[in-house]
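Take a look at the structure below.
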């Protein structure tokens, strides 16, 4: 029983972290129908941005409430810069090309970013320890143990998702985003600046990825150049599972994946070595019986 | 439009002219030292390196490459091979057997190549061995630990030499695993041990050999779990292991997984030592989360207690390589020196042509090689091509650094 | 659904005529540039004799010293300079080639600290030539007449022999060993620049289109000659064990990429886990290797992979577009994990399956050297035949009811159904055929390498295969082969950049998609 | 062959697009379907061609219910064109028509792999037939131009050729003259007549009522998802309900 509770907590923490990346996937796909494989790398460079700030810029001893915001700002700044450059230089010129061109470009950007960091960031050929800026202790309830960092992730991640949801529903730019997602040609005719809306989508995704990167770093205590790819695949899976284009769906999908990975490792056939397999089996089953995901909308055949 | 491109072009022109005149002014003479003081009239001999130099294992691969580079440069300074200049040619195998086999073939075709240091991955070595077997090109691995590579699939019961041109300077899994098991049970008194691996050959084989020895010693393996090599969240696996109440965790993984694993074990209140082998004997393990009391059993004497070992470390640092020597640099250094010393003997009598007879002669010299002056102490090979060095040292994390607690020979029982 | 608009090209208006001497000067740009290229070729390029020996082809040679020593890149420059002087249409490609050669050598020589005036002068000449070429009015396309069959056959024979020479020369440019020839990288890249310039010149004069029209007309003859040329490669300079090993790897991946081209290029089904089929074929053959002869093992590998192709393809009945990408990615990951965990004892897990015997036909082991040819050449021949077979499958299906149904699905699935295409069945057939080809390639892979392990089949391999298809040109017959060759040869040739290899790979993907999204071999 | 829509209703969420529509398409006739924008004409087409499954009611083909699968409808001889031209734009004109011929070509996978004599015969037949259809609609029989580079009018013709290649019994044309000038419209009218003369029933959606009334044997008027009036052109033209419902549209399209 204690083990089950602990596994659920593990799943929640993992889901919260994946969810922040999944939001970026779901937003970009919703707007320009691009699986932005490089989004995981936006998350990764955010983590390295924060690492750089703390290792080379900040003084050694800083209380967490001072250091944490600085790291968040640094991570977000780096993530957003990379995302904007990526959109402007790599994706925008391909807006009218066939649909595989941006996808291949995304894979290229992903490889490029991983390798640039690995080769040029000092020490990045191996995992780097991330500074323990946040209280390095845990919350204990009976035999249940949760790191405070995990509590923070589980609390902050849905809050950010809710804020994003509110922003997309209420703000002017958010309305424009929804219009573009619905029908880009009509939206353009209505006077919506497509480039601005798409760029804004990338920026919003990058902000969340940057924040996610800091939460990830302080929770696991280490970062490496491949963290974006693996978690990016999970995040994309989460976005698809939840129904791509849906903010609530992405969070739901992420928690679902966290849970499945955690519980399958404990209880399912094959043990931890097959935990990924169960995540993907779930995905395939869901897509076969509900192709639009949990909360997605089915696209109608148009003739 | 026209004027714009015109301006751009004249700009280019100007840059070209400036570059040209600048370069003309500078004159370069040959750098003294290296080749200058020795007789290199007979040409160039090449020591090949095959290692993963990009991707996740690049830290290890680059350490191997730099260490061979160091050995080659030292040899050139000392005129170790009379009449020849030595060079290193490093090929990235990306930890991919297909790429490794192509690189090995490239070396085998090249008469100037005298031997290969590599590969790091046992999987790559399995593809290289048949490629170069008929060419008799000598291969010394600094990192393959799969016993089957030298002694065949029946290595425990009916060992048989696989390839006469294949050697290695590291201890195999069936030494490393059992040595660790004995230390945990006999010295530390552990009774219930859990195993974590990452699906890589070295981890799986080590864990299997470890398990055999643990069972012989009468202790219990409470569970064995495999994590994904790209994973960073081990909370689920550790929660499962915690429920099995172990008193130690054996990890077959290297520090990039074992470090975070140790950190997350602590986070979950699983306060038992993590024990591993060469792969975690690295300061990064501690930086990434290794705790006081975690254990590493590594081949050879403590490097800083051997004069030859500390000499290697000193020399490596002096070269200012951008990367560290990693877990396998010292082995690669030893392997390169075996090749260099043996080629010196072969070329003492006849000029090197790269003919199969000469390559066979070189293999014989390597087989006969023996010293106790390697960076890891004893360097030499038994009848299977395995390292004769069966000395192990156990280290523990003590006040934030690895500290040796015990050294001893491994005797099979 | 909106119609694709044909791209609108904005031609800049013709520049106003300049009066007098300015106009004369402008008109003299091109001849002057050509002369300057020739001069640059004969000027010293390196300021000293480098420690590794003279820079390629005695680059330190002094002014007009022994012109008969004009070889290597100097020869290429002279040829390009002459072309620019004599052939007006050749100016632009020649300029690009000259600039490429000059830049590559300048970069190397600057790195070695021995740059002399030859490089900068040549670069300036190339820039001047480009400027002159750009200013010229666009010319109508050259159309060459189709000759009688006998002449056409001769031309095709010569053309394909030249192609064989070009491939062999490209592969061997700069030599194999970086340790003994430290300038190999520069030589190779410069040769590549020269090769591209020659191709550009031929294309500007309509020669390439002429040859391809002829080969289309004499299809069977062309195929036979091309196949013959491909099989001749081991007899050229490139016939070393190393290049044969690399070339047979290319063959395996090209055959797999052709299978993927059917799935992605023809049917438009994005598959991100395709390498799993290669793996299934390889593991099947590896398990049977000791029990049955190679042809049976290969067939078994192909059939097993085909069956899995149908299994993986079946969700496509319900899942559309990009969702399919994630489903196939999931299947790929499931395969990878299952192989890693030695599922059913079939994959050897972490230890892989070692000791697969080489292909053995009539007592001849394929890894042994034969008659002066290196050991790998018979694997090379097998893979050439396999690739030729795969290309025939793709070409034949492309021109059949099934192939047209795939293209229709790719273009507009709803309309394809309205035309009576059973789209579900057609898609599954695409997966079946594609996976079967990959499985066959996998069987050759297993025997060629002698060991099969899960690490050969990870996600990045699927990405590489997809990149090969897209780089080459989706849906085209030679596309996947061109793409796979590039993705294998370039990294092998550019090993001195080994630290940056993957980085350059990523960058190349981005740049090619940016500037040539339809791929190098375009279907339209 | 007769195609019958029997009490067909179609709702998308809360929006009722078709409300209890009954329509009989007799053999060898030209049927016109008119109605204001959003009346449900294309939705009815989609139901008749199996693209949509009606919410209630059924579609009968020769007395048998039609599966909601366009491929099945095509196999049974119901072919169509689209309101916004939907060609396979990356394929050549000839290939487009060959896809239209898909259901009538007999080629197994194996024969397609090896291009044997049987395959070559069937392929040659298909190509010959496709070229004939191209010529029939007035396009270049060589057909090697990519569909996307054809002119607008030619794209409309190509769509018709593609639909005809499948030997349909019923051809459904969704606004075949949209965006065409006078002479092009006349040519299409001649073409539709010629198609009828081949023994194919034609169902036409049009806004141009003059076009419909001069061409069709029967005219149906659909307004807000309901069948308002059906009958011969003269009766429908003068029906006061039609004039009232259709006011403005008739005025404009003189």
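Per-chain numbering from 1; labels A, B, C and D assigned in written order.
Criterion: a residue touches a chain if its C-beta (ideal position, glycine included) is under 8 Å from a C-beta of that chain, and two chains touch if they have at least 3 such contacts.
Please read all numbers here as calculations on a predicted model, not as lab measurements.
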Centroid-based (C-alpha) most distant chain relative to chain B
D
Using CA atom means as chain centres, which chain is nearest the centre of all the protein shown?
C
Chain C and chain D have mean C-alpha positions lying a whole-number Å distance apart equal to 45
Note: chain C sits from chain B at a C-alpha centroid distance in Å of 35
How many angstrom lie between the CA centroids of chain B and chain D, rounded to a whole number?
71
Shared-interface residues of chain B (touching two or more other chains) are 54, 62, 199, 226, 228
Where in chain A do residues touch two or more other chains at once?
115, 273, 276, 301, 303
Could you list the positions in chain C whose residues touch two or more of the other chains?
1-2, 337, 340-341, 414, 418, 499, 502
Flag every residue of chain C that touches chain A in the complex, lowest number first.
1-2, 264, 270, 315, 318-320, 322-323, 325-327, 329-331, 333-334, 337-338, 340-341, 414, 418, 463, 466-467, 470, 474, 499-500, 502-503, 505-510, 513-514, 517-518
Considering only the defined contacts, which chain C positions touch chain D in the complex?
1-4, 6, 393, 396-397, 399-405, 407-408, 410-412, 414-423, 429, 433, 523-524
Taking the complex as given, what residues does chain B use to touch chain A?
54, 56, 58-59, 62, 199, 225-228, 230-233, 235-237, 239-240, 242-243, 255-256, 259-260, 263-264, 267-269, 284, 287-289, 323
In the complex, the residues of chain B that touch chain C are 1-2, 5-6, 9, 12-13, 16-17, 19-24, 26-31, 35, 44, 46, 53-55, 62, 87-92, 95-98, 101-102, 105-106, 108-110, 112-113, 121-123, 126-127, 130-131, 134, 146, 148, 153, 199-201, 203-205, 226, 228
Chain C-facing residues of chain D, complex:
49, 51, 69-71, 73-75, 79-80, 82, 84-91, 95, 98-100, 102-103, 105, 107, 109, 112-115, 119, 123, 126, 146, 148-149, 155, 162, 166
